[in-house]
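Note that chain A is present in both complexes that follow, paired respectively with chain B and with chain C.
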Partner chain A sequence: MKIDSERKGLAINILSLFCFLLLWHALVMMARNDIFNIPFMRLRDIPTPIETWYALLGSMFTKTYGPALTYGIADHTRASLLRVVEGGIIAFIVGVPVGIGVGYSKLLGNILNPIIEIVRNMPPMAWIPLAIFILVAGGSIFIVFIGMVFPIILNTVHGVKSTDSRLIDAAKTLGASESKIVTLVVIPSAFPSIMTGLRIGLGVGWMAIVAAEMVIRSPVGLGYFIWNMGDLGRYAEMVAGMIVIGVIGYVMNISILVLQKRFIRWVD
Partner chain B sequence: MKILLKILLFVILSLFIAGCLGIGEKTQDASRPINLVKMSGQDMVQRLGAGEIAGFIMWEPYPAIATTKGYGKNLLFSGKIWEGHPCCVVAYDYNWYINTKNADEILRRMALVQLKSVEYINNAKPTNSPEHEALINYTLEFGGMTDRAAANLSLQDVDFVYNTNVPGATTFIKKIQDFGIFDTGKWIQSGYFNASDYANSLITENYVDWAVMNKDANLKSVSLREPVTIRYGYLVNDIHELPFYVAWKKGYYNDVGINITIAEGAPFQNGAFEMQKGFKADTVDVGSLGIPPVIIHRINSNDFTKDDARVGVIAGMNNEGSVIVVANNITSFKDLRGKTVGYPGPGTIQHVLFLMQADKEGLKVSY
Partner chain C sequence: MGRLVLKKVSRKFNGFLATENMDFEVADGEFVCLLGPSGCGKTTILRIAAGLISPDEGEIFLDGKKIVGVNKECGVVFQEYALFPWRTTKGNIMFGPEVKGMPKEECERISRHYIDLVGLAGFEKLYPHELSGGMKQRVGIARAYANNPKLLLMDEPFGALDAQTRNIMQAELLRIWEKEHVSVLFVTHSVDEAVYLADRIVVMTARPGTVKEIFEVDLPRPRVRTSPEANVIRDRVLRSLGTEIQMAMR
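Right, the complex of A and B next:
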């Protein structure tokens, strides 16, 4: 029974995706043939799914035309992912200890909470001008860091605070030191929550990197690629890039969920 | 404690891997491309001053501003890349043209105004000319600058013209084709056989011919019977388009019965924007911009069932007038290898010129 319903679900998933592509194609074709157009939009200029597919294939790999080296989507993706990984590692190194500190120690919580609460409400994009004017290099990585660090901190705090107090008490009665309680009781208990923070953070970081790459221009990166293609009037390549961004965000989310299920066996 | 150690190990390992990936990029230094990065002119000057970029290629007045401030030096004038290359042009929107009954009459007068304005500027360019101070004032206003020396310097780098240049446009089309900038599917749809076929369809020479025939006429004597309003598009602070500004401020357009209003969205950041948000969106009737954006977007951004991005070129604005400016420690174009260079965006004239120079020197350019 279960497998049957799963199959049914998958079938509906695929069908819905197909219908979406069909609707997209129909809207564009209707606009191009002057049958129907959504007001205030130039739908006729949007590439059809098929055109987008060919554009994706055509721009996947780096090509050279005489002196011009045009990076392919593969290289742009690699560059963007690398920035997210670098920013994410820094966010992890900073976020987890801060989160544990704030969650575990009341004093530290009282000191840091007001700062965190205000700063976390500044969207990562609001930091872009600062990154441009203050930082000499690594502006995009900094934006990813800002996007990722707060979900990690908040989820770590949440994980630490929701540690079963009986476990801590039990450890205390058995004579465990503070540091042992933190490393052996609090962190393992908070770990799933930390992973959730990392997952949410990656989502935010991925969105932030695309925005940052559009403003903080470097020669390579997906945000840069779609803006560049728009500048050249190559809308099919632009839409292909947008879809790649969406798919990668989805894959990142799913892979962390899978990792979480595999490695954190102490959570049901 | 063990878990903390493990986390630390994991972090160090990931940093190491990330570091390796980063190092991998830096090892092939000799074959590294020059990295073009899009930015505004203000940004270029500022970043060159801060040492964040090794140089930039841009229209005047930004090179003059950067060099008078001492942030960098001129490495290469665009006339050295390609002598007498065409640059900005005056173009009209095709939709406007077919919907306006006396469009030809209007365009003839636009060409004549262009001719008169260019003559005025060329006469006022020498520092001993009585009109020189007035011209500098126009340059300061239009270029958004305050330094009179920089204004004068930038004027001397630009060659103002009114003639169209079909062979020049043909060369540009060929280069743009070679550099892989055209959307190949759209190029096939356009139906042009080759570069010169396209250039001939793009440029109409008889407006300038008419203007030359009437060059000695008083502007008011050839005025249109009924005044018309033209929505004009131009580029932000681009000294190349000074003939437009001078003609507008000196009332030349009014004299021939053309009332200029600034088009919605103008001044535009670059030619690509003017083509897509201006001409294609039908918010610009006539405008000035670099010829490469015209060439590229009449193909790439065009919907050939409607020909909505179709424009025609009626007159020139200037030849040459772009400069590669580099930091003081750079002595040759080859030194830019592996470094970041600012440019106004893909498909601009500065982009194509930079690629041409790289081609000559056998270097690669990424953008």
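Right, the complex of A and C next:
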């Protein structure tokens, strides 16, 4: 029964995706043949799914045109992912200890909360000018860091604060010192929340890097790629890049969920 | 060793007195049940004895030593088990020896001993969410014992269990207690449970809770729950408690 309904669900998923592509294709083709158009929108310039697919294949790998070298989507993806990973590692190293401190110590909470509350409400995009004009080097990694660090901090704080007080009592009566309580009770108990923070952070970081690459104009990166392709009027490549961005974001989210399931077996 | 003495212990909560002038003791190796209407501060007394909270007035001694701060010579068994969900059965039982910095082999040996004692052999590698309520509480008891306490503090440990499991666990607890001979202070609101388990029953008054009456349960173990002698004691305890429950309801 269960497998049947799961199969049915998957079938509907695939069908829905197919219908979406069909609708996309139909809209573009109707606009091109002057059958139907939405006023003020140049639907005819949108590439069809098939054109996008060929553009994706064609621009996947690095090519040289005479003396000029054109990076492929693979290189752009690698560059963007590398920035997210670098910014993410720094955000994790900073965010988790800060979150534990703020969640566990009232004093530290009182000291850091006002700063966190103001700064976290500045969107990562608002930091782009600062990154460009002041930081210059590593600007895009910094934007990723800003995007990722706050979801990690907030979720870590939440995890630490929702540690069952009876577990802390139990640990105390079993002779655990303050530091053992943090390492053996608070951190394991907050671990699922920390992973959730990492997952949400990765989503934000991925959005931030695409925006940052457009503005910062790093010579390589998916954000730069789609902007540049749009600039050149190569819309099929631009849309192909957008789809790659979406798929990668989805894969990152799913991978963390899978890791979470595998490593946190103790949650019911 | 393991003699707990409470001297005129009082404790306020949010401005009102939870418990007042509690005066009683648990002799070495004795099994004492603390019985009272809900809200009379039974759990408060237990938490004070564990050193998790301090009394506003009065003093509390374990083997003549005043308890200040967390009492690391007692083991606590909680009602909702309070097991570490990320640790297996064995990991939970080893927690105490581990944080004390005992060598690995010693931790293993201790956990082995208590796993066998409480009848958890074969369940070592399971996580708490994979265990039944009765099994979880066996882990809770083993974890408390593994810390080699002088005194076991139990806060309605079988309250969340169904009646059948509860009876089995009571008998199991007595079997373990007779082997290890640690003093026990056991909080309950069930007269039946108290009469089945205790050497002495301390009945508390309604809030602010204090000692109303102490009953000796001088019946040989294993006890028959429905024996005439048990019924006589149950009646006396119920009558003593009954007026307090009415007070608490008012």
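Please note the rule applied: the second predicted complex is superposed on the first by the 268 of 268 C-alpha atoms of A that agree within 3 Å, B and C clash if a C-alpha of one lies under 4 Å from a C-alpha of the other, contacts with A are read in each partner's own complex, and residues count from 1 in each chain.
The criterion applied here is as follows: contacts are C-beta pairs under 8 Å (C-beta built on N, C-alpha and C of every residue); 3 or more make two chains touch, one makes a residue touch a chain.
Owing to the predicted nature of the structure, the values given are computational and were not obtained by experimental measurement.
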Given the superposition on chain A, are chain B and chain C in a clash or a fit? fit
First (chain B), second (chain C), both or neither: which does A:Lys106 touch? neither
In the superposed model, which partner reaches more residues of chain A, chain B or chain C? B
Of the two partner chains, chain B (first) and chain C (second), which one does A:Arg166 touch, if any: first, second, both, or neither? second
After the superposition on chain A, what is the angle at the C-alpha centre of chain A formed with the C-alpha centres of chain B and chain C, rounded to the nearest 10 degrees? 160
Should A:Pro188 be classified as contacting the first partner (chain B), the second (chain C), both, or neither? both
Please work out whether A:Leu232 is in contact with chain B alone, chain C alone, both, or neither, and reply first, second, both or neither. first
Would you sort A:Ser177 into first (chain B), second (chain C), both or neither based on which partner it touches? second
Tell me which partner A:Arg262 touches in the superposition: chain B (first), chain C (second), both or neither. neither
Closest CA approach of chain B to chain C after superposing, in angstrom, is 11
What part of chain A is shared between its chain B contacts and its chain C contacts? 180, 184, 188
Per the touch rule, the chain A residues reaching chain C in their complex are 164, 166-167, 169-177, 180, 184-185, 188-189, 191, 264-268
Residues of chain A touching chain B in their complex? 32, 44-45, 51, 63-71, 82, 85-86, 89, 92-93, 96, 136, 179-180, 183-184, 187-188, 217-220, 228, 231-234, 236
Taking the complex as given, what residues does chain C use to touch chain A? 50-52, 70-72, 74-76, 78, 80, 82-87, 95-96, 99-100, 127-129, 143, 147
Chain B - residues contacting chain A, complex: 1-4, 7, 11, 14-15, 18, 21-22, 33, 35-39, 50, 52, 178-181, 183, 185, 270, 272, 275-276, 296-297, 299-301, 303, 305-306, 309, 340, 345-347, 355-356, 358-359, 362-367
